[in-house]
Amino acid sequence: MPVATLLVSCRDRTGLVAALSDFVFRHGGNIIDLDQHSETAPGESTGTFLMRLVFDTAGMRLDQQGIRTAISVLAQSHDLTTDLSFSDRRPKVAVFCSTVPHCLYDLLLAQSLGDLAGDIVAVVANHDSLRGVAEHFSLPFHFLPIGQDKLADEAKQEALLTELGIDLVVLARYMQILSPGFVSRWQGRIINIHHSFLPAFVGAKPYHQAKERGVKLIGATAHYVTAELDQGPIIEQDVARVSHKDDVASLIRKGRDLERRVVTRAVRLHLDRRVLVSGNRTVIFG
Amino acid sequence: MPVATLLVSCRDRTGLVAALSDFVFRHGGNIIDLDQHSETAPGESTGTFLMRLVFDTAGMRLDQQGIRTAISVLAQSHDLTTDLSFSDRRPKVAVFCSTVPHCLYDLLLAQSLGDLAGDIVAVVANHDSLRGVAEHFSLPFHFLPIGQDKLADEAKQEALLTELGIDLVVLARYMQILSPGFVSRWQGRIINIHHSFLPAFVGAKPYHQAKERGVKLIGATAHYVTAELDQGPIIEQDVARVSHKDDVASLIRKGRDLERRVVTRAVRLHLDRRVLVSGNRTVIFG
Amino acid sequence: MPVATLLVSCRDRTGLVAALSDFVFRHGGNIIDLDQHSETAPGESTGTFLMRLVFDTAGMRLDQQGIRTAISVLAQSHDLTTDLSFSDRRPKVAVFCSTVPHCLYDLLLAQSLGDLAGDIVAVVANHDSLRGVAEHFSLPFHFLPIGQDKLADEAKQEALLTELGIDLVVLARYMQILSPGFVSRWQGRIINIHHSFLPAFVGAKPYHQAKERGVKLIGATAHYVTAELDQGPIIEQDVARVSHKDDVASLIRKGRDLERRVVTRAVRLHLDRRVLVSGNRTVIFG
Amino acid sequence: MPVATLLVSCRDRTGLVAALSDFVFRHGGNIIDLDQHSETAPGESTGTFLMRLVFDTAGMRLDQQGIRTAISVLAQSHDLTTDLSFSDRRPKVAVFCSTVPHCLYDLLLAQSLGDLAGDIVAVVANHDSLRGVAEHFSLPFHFLPIGQDKLADEAKQEALLTELGIDLVVLARYMQILSPGFVSRWQGRIINIHHSFLPAFVGAKPYHQAKERGVKLIGATAHYVTAELDQGPIIEQDVARVSHKDDVASLIRKGRDLERRVVTRAVRLHLDRRVLVSGNRTVIFG
C-alpha cells in the first residue's frame, strides 16, 4: 500500500489546497501529512504557493499511472510545478567518495539500520582505499580514477550512473570538482557536503580559514551542486562550538562529526521528498 | 482584513482536509498556511487528525459570525474538536509576577516591539517591587498580595481577570502555587515557566538539584498549569551547557536567560494559535 | 578583599607557570582559578603561552601597587605581555545606541541584576528615542547627534568618554560607523554586535542576505571594532535555526534574540577579564 | 617524548599550584596545559581544589618512575588525591554491546581515524550479531552470552578483561545490567550510555516515556556505572529537538544519533584524562 508524496510550487492563488485535497478524497485516498505555506519574497508582489502533500493510496480507485495522469492534468489547468513520487519506487543512490571514510560510514550505517527512504546501490571512488567499507556493507565498489582526461573519466562515471538507474548522487567528501557538464545534467540530483558554514569560508581548507579568523563556531553545509562552486541551494547546516584550545587537527575532528550528520540529514530530507528547490534556495518541509 | 486560524483535532478519517479547504475556497477565502498531520500514538489503533489552518478572510462572502456558524456545522457533522479565532480579536494577557523581573521584562519588551499577536494588558503581583517595570512599559500594575486567606485573595485576582476580559495568564516566575480551583477554571489558559528541563528536577530549587546531580546541561520548561505541580502539558523547552566552574549563582544566571526566552517563545506560540492541547501533551505547529 | 586577574601572553618557554604561581604563593596570595594553554599556530615553529590567573589578594603582604610593580618586573625579565586588574576597580562602560532598544535593555537588565563585573555609567545615543530606557534604569542619557561634521560630533563623544573615565564602549546596535581615528584611539575597548554569523554576510542588511541565500541558521557576532568594518577579533557568536516560513521580519525578530544574548555575553566575558586579544583573534578563557 | 597528565583534587590551600608547577620546572619539564579551579559547594565551608596539569617530559631529568615517586611524595605531604598517567601508556578499552550497532560503529570509527588517546582492543557481546562489525575493524570479537547463571557468565567476562589488561569498559548499548560485584570492582572504569537526559526518564524505554510526556527535546547521557541504576556520575549529555511529528521510531532514530556522539565524546574525555570524579559528580576539564 504505497504512499504518494506530491510537492507543488506555483504562483499563489485561491482554491489550490481545495482542488488538490478534493482530488485525493474523491478517488478514495487519505491525506496523512500536508504542509502548505505561501510566501512573498522581499520585493515581490505575488506570493509563491509551496506545498507538500502525502497521501495513502491504499483505498484509491486509480492506479499510480492514473494518479500521475490526473495530477498532470491538474498541474496544467492550475499552472503548477509538481513532483510526484510513490513510496514503492525507492530512489537509487550512488555515493561518491575519495579517501576519508566518515561520511560514507554514516550513510551506509543509516541505510543498514533502515533509516533511509531510498537505496544506496553503489559506492564510486577515485581512490581504492575505501573499498573495504563498501564491501563490509555488502555494496559494490566502483573504483573509477580521475586522470588527465577528466571528461573521459567522468563519462565512465555517468555511464555507470545511467546503467544503474541512479536518482541521486551524494558527494561524501569526494575530492574532485565535477565538470559543468556533469553538474548540469544532474541538476538538483547531486548533494555535496561542504566543511564550513556557507557562505562563510568558501573554497579550500575552511578549517584553516576558521582557525585563522578565530570564529567561535564551526559549521558544515549540505547543498545541491551547481556550476558555481559552493553556491548551490543549501539543504541543511549545523554548527559546533570551538575554542582556542582547538588546533586545526581538532577542528577537523569536530568538523567530521558535523559533516557526517549534516550530509546524512540532507540525504534523508531529499529521499523523504521534503526538499523543494525554489530558485537558488530550498524549501524544507520539516 | 482579518486572518482566521482554525485548530482541529479528531479521529482520523478521509476527506477532512478536502471538506475544510473546500469550505474556505467556496466562500472566497484564501489558505495562507496549512499544517496537517495524522499521528497514531503507541498502542492505539486509530490515528488522530491534527490540523492548523490559516486563511485570509478578506474576500470571503461570510462575515465572522457566518464563518463561525459554518465551522461549527462542519465540526458537528464530522465530529471535530475545533478552535477558531480571528486576528482582529487580539487575546488579552495578564502577567503574574513576584519579585524577579527577567521574565516580565522579556514579555513586556516583546510586546513593545510588536512581537506578540496579543496584548498584555495587566501586570499582577503579590509584591510591590516590580511596579516600576510595569509602569515603564505603560501598563497597569495590580498589587494583590496573597495572605493567610489564599482563596479570598485569589478570588480578587480572578475578579480582576474577569473584569479585564483576560484570555491568558502567564506566570512569569510567580512564586505562589495557584489553588486547584483557580487552575481548573483557567485550564489551558495559564502558562508557567519552570526553571528546569522537566521532568527532571520537579519542585523547588531545581538549580541546586542540578548542581548536586552534576548535570552538564540545565534547562527551562514552559507548560500549561494543571492541578498536579510541574506536570502540565509542555509547550517549549531549552537547555544551556554548564560546567563545574558554574556555582549555583552562575547556574541561576544562565537559567534566567533560558527562562525568559522559553516563556516568551511559549507565549508567542500560544498567541499565534500554534498550540493544540491533546491529552497531557501539546502539539506545536511550528 | 579584592581579587586580581592577570592575563599573560608570550613566546612559550619553561618555568613560566612556576614563576608566576610562586610569586603569588611567596607573597601570601591564593590562586582561585588558573587556565593556561600553549598553542602553536599553523605554520609557526614556536608556540604561544596564554594564561589567565586569578588570585585572592586578601592575605598578601603586598598592596596593589606592590603587586603591580612586581608583576611588571616579572614581565620584563620573562618578556611577557601582561594585563593586570583588581576586582575593586570596576571598569566603567558606556553603551552607544540609536533607536532599537533590545540590546540596550539586555545590558541594563544584566547590570541591574548584578550580573556584570563592571558598571554601565552612561548611555550615549545619536537619537533621542531611547532616553526613557536609560532613565528607567537610573542612568544618564547623553543625546549626541551625529551630523554633517562627523569628526566634530565624535570629538564630543570622546570628550564625554574621557570625562567619565570610560574603559569600554559597547555599540548596542549603534547605527553609525566610527571614524578610523576614534577606533584606533579605543583599540580593544569597543565591542560591536553584528547581526550575522561573521564572516558570512559582512555589511548591511545581513538578514536580507541570509533570506536571499537560503541559509538554515542565522547568527550574531560580537567583536572588537577595528578600522576594517566587521573584521575585528571575534569574542562571541551564536546561531538559531530558521526555515522558509521565516520572512525577513521574522528573521529580524529571531536575530534580535541572538544579538542581545551575544552582546551581553561578550561584555560579560570582557569585564570578567576572560578575553585576551592575540593578533586578530581572541582567546577566551571560558 | 611522552606527555604526563596529572589530575589533582584536595581541600583548597595556598601554594598548591606553585608546588606542582615548581616541581615540573625544577626537573626540566614544560607545562603545556593547566586548568585549575577551586570550588566551594553549596553548604560547604572549605573549597575543593581541582586541577589538571599536562606537562611535556621530554627534557626532564627524571624517568617516569622518578616522576611517579616524586608526585606521590608531594601528594602525601600536601594531602592530595592524584591520578598520574603518561601518554605512551595508552589505556586499553573493551566495548560491550548486544545487538544494536550504532555506538559500536562510532567508537570503532573514532579509533580507526586515530581520534582516541587509547586503544579499543576487544569487543565483548552477549549476542553474536555484531561480530562482523568488530572484524571489519580488525578487532577480536568475544561472544560471551549471559544465561541463567549470570554471575558465572560475568566471571568469564571479568577474566577476559583481566587477561587483556583492560582499563576501561564501555557499555555501548549493552542490554544487560551488570551485577553489583562487577560494578564495584570496576568503579570509575565503566562508562554507560543512557538514552535519555538523566535524571529525566530513568529506567526502561525512555523514548516511549518521552513521547508520553510530550517533551520538546530528547537527550542522551553518558555516565560512570554505579550500583544504583542510572545514578552514576554524569560525564556528558546532549539533546535534540523533537516534535509531534516524531513517532517513537523517529525518536529512537534521533536518539541513536545522540547516543553515539555522547558516548564517544565521553570516552574521549575519559581517555584524554579530562574527567575527575568528585563524589557523585564529575569535573570535566574541557
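Before moving on, here are some points about what is shown:
Note that the chains take the letters A, B, C and D in the order they are written out, and that residue 1 is the start of every chain.
Heads up, the rule we're going with is that contacts are C-beta pairs under 8 Å (C-beta built on N, C-alpha and C of every residue); 3 or more make two chains touch, one makes a residue touch a chain.
Predicted model, so just to flag it, every value in this text is computed and none were measured.
Annotation: B-D is the more contact-rich of the chain pairs B-D and A-B, by number of C-beta pairs in contact.
Relative to subunit A, the most remote chain by averaged C-alpha coordinates is C. Taking each chain's centre as the average of its CA atoms, subunit A and subunit B sit 36 Å apart.
The distance from the centre of subunit B to the centre of subunit D, each centre being the mean of the chain's C-alpha atoms, comes to 41 Å. In subunit D, 33, 37, 245, 286 are the positions where the chain touches two or more neighbouring chains simultaneously. If touching chains are joined by edges, the resulting network of the protein chains shown connects every chain directly with every other. Residues 37, 39-42, 50, 197-201, 208, 211-217, 219, 233-239, 243-245, 247-248, 280-284, 286 of subunit B are the ones that touch subunit D when the two sit in their complex.
Note for the complex: subunit B touches subunit C at residues 33, 101-102, 105, 109, 112-113, 115, 132, 136, 245, 253, 256-257, 261, 286. Per the touch definition, subunit D reaches subunit C in the complex via residues 12, 14-19, 21-22, 24-26, 28-38, 59, 286.
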